[in-house]
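Next come two complexes built around chain A: one with chain B, the other with chain C.
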Partner chain A sequence: MSNPLALPVDVEPLITSLPLSEEGLIHYEEQFSRHYQGWSEILMENHERLQRGSYSLHWMNTDGANWGKRAKPSSRGLTYTDTNRIPAYGTLPEHAEWRNFAPRGSVREPYRERMPVLDEYVVMERDDVWADNVLTLYEEAKARQWNATRDIPWGELEPLPEDLEKATCQLCTFLTEVEFVAGDFPAKWLYRIPQDFLEVKSFLATQIMDEARHQEVFRKRAIAGGGLLHASPGFEWALKAILEAPTHTMGTFLLNLLGEGLVLSIFRSGEMIAKTFVDKEIFRRCLQDEARHVSYGVLQLKTHLDAAPDREAALEQMHRFADVGEMVILTAFTEAALVEPVAILLAGSLGKIDQGMQGLAHVWTMFIEEYFARCDRAGFDRRARSRIPLSAPWAS
Partner chain B sequence: MGIVSSAVQPDMAERDTQPAAGAAKTADAGGAAGAQFPSVSWFRCLADLMNANRARQEQLGYVDCVAGFRVLDGPGGAPWACEVTFEEFEAIDVRECARGDASRANFTLEATQATWREMIESIAAGDGRPDLTHTLNYLTHPGTPMRLVADDPLEADLYFRYNQSLQEFVNASAQIATVFPIS
Partner chain C sequence: MSGRVGHFYIDETCIGCGACDHACPGKVDAVYEVPGDFLGRFAIVLEECIDCALCVPLCPVDCIHDARTEGIDLTEGAGGYTRIKELQAWARARDAEPPA
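Then we have the complex of A and B:
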């Protein structure tokens, strides 16, 4: 028979001047050459069968399948909760074994030996990603999506006095800078989580979409109002600390529980101090999304700690991580490029910035208490150990 | 001004009342022409208005919570509270909470009658949109003059997760000729 791997004659070779990564391409070629036998056998078998004109129809055999166990929709339609009522589909393994794309609940065992292994799938323990509210949050996230182009009454945006416009645009610059880490972090872990934890992957995908929209809406608000202003090194260090967290649970704690908890406070403050209806709407829409992420963060940490074989050891590890993470996050939240515009917006003008700082000190105290309450809810008592000042550094 | 006839509001006949400043509209939903604040019938009007506008709720997304609304100095100066159960795209239940009743609310918004009234009047004056200083978040964020009360931080977060829907729930009060007891 003819070589099934030969290129069809009408396919032209790649133009060598294309800026391809030569090293990467060589690695890719080597990798698939190394596994040549694995996939080429499948290709040859298929090719031979098709040439014979015969059908396999093995996929119609329901032995080992969960055929006929039909999911029934609820009032909202057919949710994961509905499909997961069927144990064969809804039971998540405590430890994932399938490091490929084979769907949970499908007939996959007979093919195990012939399937590739994806080395990137490394988060194999359910309790390092799971949270009991993840199904609800996923459905809610889909239902409560909004559109930063269409749902904000941009046409009503009016120019503000210069000090307030600059403060608003600086706040939006900060938010544009920080929002995408909340997309990059779940994206980084999304491809490390195997398919057996599909519900978590699905929720993380909504978080990525939420954060793309937040970055979009704040960028647009700044550019529509005056322009982007200053980036800040302090923000960058906090974002790096989140992105480089050593485990999914640790990073989720730092991003979703602490970081997004803080940003939720900023959004609430943003809605409160907004000087236009456009800004009100932006912050109100965003704070809803942020609160979902915070809720996931709280229960993911709780799940991780509750399932830890040695809870004390797990707590100590989290404390060590939080000791560093809290301080780095604090670097961002003491930056002039964040604190000062918020204070000006709180007070109503640059001339009243001192008054605004007093108001911000109140928000600080409130936020720290909310952070500790969320940690408590997760079973992680940070009150005694945290070095975050309970009062704002400028508070008398 | 939307003066409410006692024929429509029999429970109001025995009270001294005055209409909300700026309340010029009449509710269409649930057959109610208006209602006194605070009362179960006032919150039922809001629920009816929400349920009559399902298309808007479907745009905003699911709301799944029990929200408490408390007036610290309600009728006769005593606290008054009610709970609204939201499910999917609807407000499915409104009930008054008698003193001593176990609360089913995930969170409660509490404020004085004067604060509630100011908010409702601002919504009415803005034809369904409060001014910048009378949104729910504006009033609750500093912890005063309106307070968000919840035992569990995850339940408090529901207030944030559904904030736009809750804001629009109270914004619908512009369509009710709200009447307040004369203090």
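Then we have the complex of A and C:
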């Protein structure tokens, strides 16, 4: 085929002062100039048509489209629930076939053979990502966004005695550390979920935004009060276990249902832990965000298990994963860099840390019971199999 | 006003995710966040609820009930999300202690 645009098929290396990865750039050039030719054929066709002064107007043909099936807004506005009432737009495939960006409900079939394939889209089963509450959680998430710069009354932050300030700042350091993975995990999978599951991708985008705000607010709280204190290897192993979970459902279980569940338990205890009005306000706002993530995780696991062709096998697989995951998460929950500052905050001073450990024992039981309740709701009974002690190791 | 009331209620184990809020049909809008509740829990206005039950399956903690079939129990037993009451009781005892 001729090359009327003199396309740069043999691209010369770019001259640049930017520290680009030379190897990566060469690979990119080779892919799009030598191996992938679909785009260049389309470009040449377009160029020839434009040179002829001819119009296509094929996009006005509504054969195969759902033209004229108009979505009607509800009193809340126009939600995904409203647009999804039109079956052509709202029916999610059980198995996604389109590994590109062609929108669900658009005219795409005639172009199937000419579309590129994105190898990164690998989560092709609806039930590995879907949760029945994802549409309403997405609406809730959008309605409740807040701004860690403006919506926290930073000017009213009261000075605390040094022991309480250090404990608060250490807790905030822990929370900053864990919120990083809570954003990275959905980001990792967002990129692997095809566009046909756009509602889930939309919700995960809000989760990423929520977690960005959480790490922001805890970082700011620490730096405004005294400073960031100690990162912790025990936290890091728990976070690594989440990020490297082998499937989306498994990782969502470990992050949203267990890990964020632990953080939710801490936030729910915020009234007793926080020592200033500002800290209570931070916990209260983060609690609402965290509850959405936990909520998605519970019903995602339920969807996955309910849809499994062999439920017993799916349960056993999840149990094997949870056997390891729970222990790794427990590593974080037993770290001195978490346990001790929370105990001091509960008690009200370093001198009363023993009393605080009694209060923390209640948080432990609360966390474990809440976790088991979430598992029950998903149809995943962990009570008999879990090795996490119901009572805190220091409580007799 | 017909005087009719709905029968669905949210017990105290609500975690405040709000999935039910947006499940409620927009014109009904019977679900609301309890003002001033630190835990961010939701409740249902019985006078506005139309008993459609759309919210029920979306709850991650099974805290929405139909009083006609399940009776009314706002406390929902002693397990799971009610454990926070033990911590709250401990904190009340802590606060009641005279200063050293």
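What we mean here is this: the second predicted complex is superposed on the first by the 376 of 396 C-alpha atoms of A that agree within 3 Å, B and C clash if a C-alpha of one lies under 4 Å from a C-alpha of the other, contacts with A are read in each partner's own complex, and residues count from 1 in each chain.
Throughout what follows, a contact is a pair of C-beta atoms (placed from the backbone, for glycine too) under 8 Å apart; a residue touches a chain by one contact, two chains touch by 3 or more.
These numbers were taken from a predicted model, which means no experiment stands behind them.
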Combined model on chain A: chain C and chain B, fit or clash: clash
Let me test your reading of the model: by the given contact rule, A:275 touches which partner, first (chain B), second (chain C), both or neither? first
Pick one for A:145: touches chain B only (first), chain C only (second), both, or neither. first
When the two structures are overlaid on chain A, which partner does A:370 contact: first (chain B), second (chain C), both, or neither? both
Would you sort A:79 into first (chain B), second (chain C), both or neither based on which partner it touches? second
Applying the touch criterion given at the start, work out whether A:347 contacts chain B, chain C, both or neither, answering first, second, both or neither. second
Answer with first, second, both or neither: which of chain B and chain C does A:295 touch in the superposed model? both
A:284 in the overlay: touching chain B, chain C, both, or neither? Say first, second, both or neither. both
Looking at the overlay, does A:251 come into contact with chain B only (first), chain C only (second), both, or neither? neither
Where does chain B run into chain C after the fit on chain A, at 5-13, 59-67 or 113-121? 59-67
Both chain B and chain C touch chain A at residues 75-76, 133, 136, 139-140, 143-144, 264, 268-269, 271-272, 280, 284, 287-288, 291-292, 294-295, 298-299, 359, 362-363, 366, 370, 373-374, 377
For the chain A and chain C complex, residues of the former touching the latter: 74-76, 79, 132-133, 135-137, 139-140, 143-144, 264, 268-272, 280, 284, 287-288, 291-292, 294-299, 346-348, 355, 358-359, 362-363, 365-366, 369-370, 372-374, 377
Across the complex, what residues on chain C touch chain A? 13, 15-23, 25-27, 29, 38-40, 57-62, 79-81, 83-84, 86-88, 90-91, 94
Listed in rising order, the residues of chain A that touch chain B in the complex are 75-76, 133, 136, 139-140, 143-145, 264, 268-269, 271-272, 274-277, 280, 283-285, 287-288, 290-292, 294-295, 298-299, 359, 362-363, 366, 370, 373-374, 376-377
Chain A partner, complex, touching residues on chain B are 60-62, 64, 88, 129, 132, 135, 137-138, 141-143, 152-154, 157-158, 160-164, 167
